[in-house]
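Naming follows writing order (A, B, C, D, E and F), and every chain is counted from residue 1.
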Amino acid sequence: MKLVKAIIKPFKLDEVKEALFEIGVQGMTVTEVKGFGRQKGHTEIYRGSEYTVDFLPKVMLDIAVSDELVPKIIEAIRSSAKTGKIGDGKIFVLPIENAVRIRTDEQGDSAI
Amino acid sequence: MRSSLPVLLLLLAFGAGSAFAQDSSAVLTGIPAQPASYAEFMAGPDAAMFTVNNLWILIATALVFIMHLGFATIESGLTQSRNTVNILFKNVYVVCMGVMVYAFWGFNAMYPGAGGWTINNVFAFGGPIANSFSGPEIVTHMTSAYGHPFTYWTNFIFQAMFAATASTIVAGAVAERIKLDSFMVYAFLLSMFIYPLAGSWGWGGGWLNGTMQSMFGHAFHDFAGSTFVHAFGGWASLAAVMILGPRTGKFAADGRVRPILGHSMPLVAIGGFLLFFGWFGFNGGSVMSADPQMVSRVIVTTTLSGFCGGLVSAFVSWKVLNKPDLSMSLNGMLAGLVGITAGADVTGVWAACAIGAIAGALVVFAVMFFDKVKIDDPVGAISVHGVCGLWGTLAVGIFGDGSFVVQLIGVGSVSLFAFASSYALFYLVKVTMGVRVSKEEENSGLDVGEHGQEAYPDFQLSGPNL
Amino acid sequence: MRSSLPVLLLLLAFGAGSAFAQDSSAVLTGIPAQPASYAEFMAGPDAAMFTVNNLWILIATALVFIMHLGFATIESGLTQSRNTVNILFKNVYVVCMGVMVYAFWGFNAMYPGAGGWTINNVFAFGGPIANSFSGPEIVTHMTSAYGHPFTYWTNFIFQAMFAATASTIVAGAVAERIKLDSFMVYAFLLSMFIYPLAGSWGWGGGWLNGTMQSMFGHAFHDFAGSTFVHAFGGWASLAAVMILGPRTGKFAADGRVRPILGHSMPLVAIGGFLLFFGWFGFNGGSVMSADPQMVSRVIVTTTLSGFCGGLVSAFVSWKVLNKPDLSMSLNGMLAGLVGITAGADVTGVWAACAIGAIAGALVVFAVMFFDKVKIDDPVGAISVHGVCGLWGTLAVGIFGDGSFVVQLIGVGSVSLFAFASSYALFYLVKVTMGVRVSKEEENSGLDVGEHGQEAYPDFQLSGPNL
Amino acid sequence: MRSSLPVLLLLLAFGAGSAFAQDSSAVLTGIPAQPASYAEFMAGPDAAMFTVNNLWILIATALVFIMHLGFATIESGLTQSRNTVNILFKNVYVVCMGVMVYAFWGFNAMYPGAGGWTINNVFAFGGPIANSFSGPEIVTHMTSAYGHPFTYWTNFIFQAMFAATASTIVAGAVAERIKLDSFMVYAFLLSMFIYPLAGSWGWGGGWLNGTMQSMFGHAFHDFAGSTFVHAFGGWASLAAVMILGPRTGKFAADGRVRPILGHSMPLVAIGGFLLFFGWFGFNGGSVMSADPQMVSRVIVTTTLSGFCGGLVSAFVSWKVLNKPDLSMSLNGMLAGLVGITAGADVTGVWAACAIGAIAGALVVFAVMFFDKVKIDDPVGAISVHGVCGLWGTLAVGIFGDGSFVVQLIGVGSVSLFAFASSYALFYLVKVTMGVRVSKEEENSGLDVGEHGQEAYPDFQLSGPNL
Amino acid sequence: MKLVKAIIKPFKLDEVKEALFEIGVQGMTVTEVKGFGRQKGHTEIYRGSEYTVDFLPKVMLDIAVSDELVPKIIEAIRSSAKTGKIGDGKIFVLPIENAVRIRTDEQGDSAI
Amino acid sequence: MKLVKAIIKPFKLDEVKEALFEIGVQGMTVTEVKGFGRQKGHTEIYRGSEYTVDFLPKVMLDIAVSDELVPKIIEAIRSSAKTGKIGDGKIFVLPIENAVRIRTDEQGDSAI
């Protein structure tokens, strides 16, 4: 099993969710994060003084999947999350050694 | 409903104010025996009554002022947090600008007085108010010699607070996607030229008074502005929204409505209650005196109508939507208040309740209707002010002693005029400077886009659909 | 403290109002020479004074109205964000419903007038208020011939705003776990039948006036409602809370108190200040005229008592809890206001400060006490309104010229009656429709459960204990 | 601008109040024929006028009270969420404490009356207000025999609400880093001793009245407190801030300003509007009567100046900062109000607009200036109240009929005195108990540090720079 | 070492924390997340229009532990987080190659 | 590649960001978390009743880096995040099997 971690632009969440749903992803966990990267933050002004917001709002998806599904998922995220503009985000794939569904105590692939 | 001379004299003698609300015809007719000086007047028998009448209108002015905070909070509460700074800014701008342009132009355009018409009973040029008074002018503007139970200053500032309202109504309807500068230009033109013009037809003693009176034996009756303020603002909003289009994502491809949630219900509640609070002055002050009978009657009809509206829309939303809806109940309270505003002085208690109840039901269905026809009004301004302003004005012809036909002509003509001129203005602004922010800006919010500020920098905000 | 005839005549002649607050006995006694018409009256010597008296009560009505926003904000601020929509909705409902039932039944049940009693000085049937007046009725209801220095309408709407308050107090105490529909039925019955009945005993000229007067030479003195409004609401709350039980998780198995934090201190502060603001009208208006001496005196005693209450509970909480507690200080301000409300017209400045100071200390210990005995009152309603209403009423017998015994009988009987009838009503509702939401709903919040809405959709909210 | 006798008699006879604002000189001069009893007075010809005058000042008092909620909300909105409880608590404390110390000492220290001076026209010992009146005292304190068109109680409570304001202004400037107990001691001393002393020089009939009059033929003119309230509070703040130092992180090592964002723009807007609302009473009540001419004129000049200020700072911030700044526009509204407060009674409409416009521009540059010189004022109190109070006072010498020199002497001496004594007091507090919280506490917030409470426990808050 | 990632229902956090505490877990890191899975979101209504909330609030625990503790921890979480109703959540186990305690520079197992 | 997970005190974020920037880290993802550990929470009081806040606010950094960079990064975080007081936090290193830059489809080290 793998944990696919994708960091995307917030307003793309719906599209990505749909895309993953179509290829049969049953579940995911979403975290609101702030991103720092090549995409530079914007300058704002407050009562006469300028400041820059370095960290931009992003959404991080944690998706546990069986190994064979990984390429399809990466493809689905890439195509749906892509705007071509800087700041589109990243996908990381991490190994999972075991998974458990709390409700049923199922283990491994069947748990996800 | 122009006030006939005898009534007027009573009014001046006893400061009884008359039911004739914002009607300024007083100015046009008989002027009473004039005191030699202000001091003499203040030493005279009418001074105390004049003072209490004048004071009440000034207090009412303060109450109408606080309605602008009510609008600011209810509108920002019913929209997304990323557009909050923008909405608040618009509200600050509108009240500041609205009163100033009324001082520079509107007041005199709306109340031209007998000789002031450019096109008789239809259009009058405006101009700045007086700077200050000295010598004999003081008596003629600061005593009952002015023809009102209050001073010139009081008359101006009370009317000015009303004037700022119309554009505020529009501000809510076009929220979350309109370009700031474009809105500011549009609101400026609407407040300066259109609102006073429409108002002059009725409150200014124009054709909705005289002509209707002579044609139908009834003048048009709009006690405190169901037509001249609320219907005007509501239908002007409709025109603006039609040109502007809905917020991105409000209506799915398949036509389904995808609600965009207001970000703070407490702000909505604060707004609703403050507006109700201000209405004590909005309607109570429109008696144009502290006459005990009229003011107490008006406040009873006004509040009961508002409360009925709130109750009914709570229950209607419960029945129709299966859930008791807070924002609908608050809209219902306001709907009841808007509804009674035309006839608060001429309807009995139970008629007032009926008017409010019907308004409270109307507003629920109106909100759903405008969603269905893809008119995107984030705060329900068109439903509350347009639909219920219309209803309230007609109600005077049903429950009150007014003429239904005249009421229909009045509210119809003002609403059409508001719609048409707002459409023209807004279209003009669209072609010249554009009216809509970019999709990106709409996505990330107008606060950062237009103001480079955030409303809640310390709080973690959720992305769309989270 | 029924007003004797001479006093009354003074009162009518000079609109001096009398210190006798909400006492309507005026209605029962001598009616002065009657003007031929309203116009004649308004032209007469009493017109100006009548107008200012009437105006003040109407302005006070507006101030009492805004207290409902105060309640709405302080109650929602002191509870969790997931129950905010529910609390706001309840407050909107209570004020709308409360005034309407008072119009349909309460006003006449509370002020039956001399002949109106069904069981003499104890119970009177209510009924709807007048719809409108014409002909001679106008004089008898819109001039001092009415027996008050204000009109019938003014009298009704001022009393009506008070009426809505009692149930609002309960709304706070039962927050975060009560079923909406059950609360609505309970509040309806309490506002319609119980509140006016208790009120009639004193303000309506019932046995707490006459009987006490003849038995003890002192009538029961409750200037503006420490007993009839606050103690009533507070002890009614206690009964409801006892049946309803505490919020899940408030008391750990081992009996430890596990506080459930209010979600917004700014809302609490807004509520506290708005309630104080409204109290200018609540007590100031209860003079029942604009009499300069009485109104200014009452406003001084009221505000000083409130400020002392705030200061003292700030310092007491600091000493006892080692931290200066904001919500306690605000509760303390309100405690001081509730405390002085019974005797604002008869206590000196320093006595007022003492009453407020003691109330401010009382409220801190009361809140801790009720937690200790596992009475879960999220907003401290029982402590502020019940305990301090009791204290304030007794204080009249200590600092004022009232009789301690009579004060005790009065507040005791009203409190017991409020508790008992509230207990009965609430129990009735419990067995018929149930009073408590499911644990799941309590967990996920009443906003989604009862209203399918969220108060702060844009904000990321923390889970329990995070 | 001491009122000459004839004027005064007019004033007393007609309750015309005079333009002479808070000037109590009335007390010092001719007392009119005295009624035999209060009842007789209330039956007499002046009763109605006296009643309406008195009522207006009491209503104005309520309006000034609500300004404290305005301060509480605008100050907490402009600071970080982790210091919100602390700011709200300070505001509750200041208004409670401020009024109490005014009752115990300030009122009599500020208005010593002719014989009351310890050092003539410069310093007077204070002392507690009266507890209550009986017998003949009633007439001499509750009728026009008191020398004002309102009662002793009214006079006290209106002045008391003003008194609480000065310290509130400082509370905002020192926010987010001051030790609570230290602030409480400082505010106590400032409110009790310093504010009334400065006030006595002008409003109390001290040297800024008589001496200036005899030296320059003009008394110092400060209608409602541009100098005695706002400049006083503003420059007192500057001293405090200088000793206290900036918030950690406000100024980067390289001198760059690193703004610390206010956490809630809706709170800021609520505060700004409530302050404007209260100003109707602050300036309108300072007419010290309900005189129709003066009150209506003052309310027109006041509101127009405020609106101009809001407009101008909106546009100036737009030009200068390239973005229309909400909090600046609200500051601009307040700047305009502060600016007109000295001369609202003597300036024409357009002069009022000019004064407001200039104040609106000033405040933007002042805020930027103080940032540049590393004076860290989170809410802009020094700019709004100090700078614009100064400007408004001088403006009377430019647009009004006042003497520029006298105005300069007056505002200069009061400002310097406020600065110096505040500096001394604050320094005293610093060496004795310390004034600044630890860096850790500043980091984690004063709410937990000083109060062990959080303002928004349910909300997920962002860390620094997130 | 392993990183045990558990996604649970928010109101279960206290119980889970207690359970872990008992078996000697010294620390954990908690993140507020939104979950998407078999448990379907609820329908809400806003001013007359219906909409569904797809993402449900969950709490994610990150617990770094030495390998031998993993089974006990999984067991503790399962038993304490379980309600038997759909939506109870998942447990994922990921490998950790190294751990450092910033304060002391301790490395490996002793760091956690 | 590795995923360096660092949990630090919020007010240290700026310094850590600077330190990482200097050693050439191009991007990171930041999550607001609550931490439970040896550092005990503080006691607060609400309307007369005490309660303890177990979970303290922390900030979690997710930094994907190529293997050779890991030691430098750990060092940079340690030195910049350290206060020496309890609660400074932890650093965990997890393996990443693949990384993708959504915008460009780059894979592996070049993606980060």
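Quick note on the criterion: a contact is a pair of C-beta atoms (placed from the backbone, for glycine too) under 8 Å apart; a residue touches a chain by one contact, two chains touch by 3 or more.
Keep in mind it's a predicted model, so treat the numbers as computed, not measured.
Trainee: Could you tell me which chains are in contact with chain A and with chain F alike?
Mentor: Per touch definition, common to chain A and chain F: D, E.
Trainee: Centroid from C-alpha atoms only, then distance chain B to chain E, rounded to Å. What do you get?
Mentor: Roughly 54 Å separates the two chain centres.
Trainee: CA centre of chain B versus CA centre of chain F: separation in Å?
Mentor: Those two chain centres are 54 Å apart.
Trainee: How big is the gap, in whole Å, between where the Cα atoms of chain A centre and where those of chain B centre?
Mentor: Taking the mean C-alpha position of each chain, the two centres sit 48 Å apart.
Trainee: Can you list every residue of chain D that touches 2 or more other chains, as numbers and ranges?
Mentor: 48-49, 52, 55, 59, 261-262, 264, 270, 322-323, 325, 327, 452-454, 456, 459-462, 465-466, in rising order.
Trainee: Two or more other chains in contact with one residue: find those residues in chain E.
Mentor: 30-32, 34, 45-46, 54-55, 94-95
Trainee: Pull out all the chain pairs that touch, please.
Mentor: Final set of chain pairs in contact is A-B, A-D, A-E, A-F, B-C, B-D, B-E, C-D, C-E, C-F, D-F, E-F.
Trainee: Per the contact definition, I'd like the list of chain A residues that touch chain F in the complex.
Mentor: Those in contact with chain F are residues 2, 5-8, 31-38, 54-55, 58, 60, 74, 77-78, 81-95.
Trainee: For chain B, which residues count as touching chain D in their complex?
Mentor: By the definition above, chain B touches chain D via 38-39, 42-43, 47-52, 54-55, 58-59, 61-62, 65-66, 68-69, 72-73, 76, 84-85, 88-89, 91-93, 95-97, 99-100, 103, 129-132, 138, 142-143, 150-154, 156-157, 180, 264, 267, 270, 450-460.
Trainee: Could you list, by residue number, the parts of chain D that touch chain F in their complex?
Mentor: Against chain F, chain D makes touches at 443, 448, 452-454, 460-466.
Trainee: Can you list the residues on chain A that touch chain D in the complex?
Mentor: Within the complex, chain A contacts chain D at residues 34, 45-49, 51, 54-55.
Trainee: Write out the stretch or stretches of chain B touching chain C in their complex.
Mentor: So the residues of chain B in touch with chain C come to 10, 13-16, 48-49, 52-53, 55-56, 59, 63, 80-82, 261-266, 269-270, 272-274, 276-277, 280-281, 284, 290-293, 295-297, 299-300, 303-304, 307-308, 310-311, 314, 322-327, 329-330, 333, 348-351, 353, 456, 459-462, 466.
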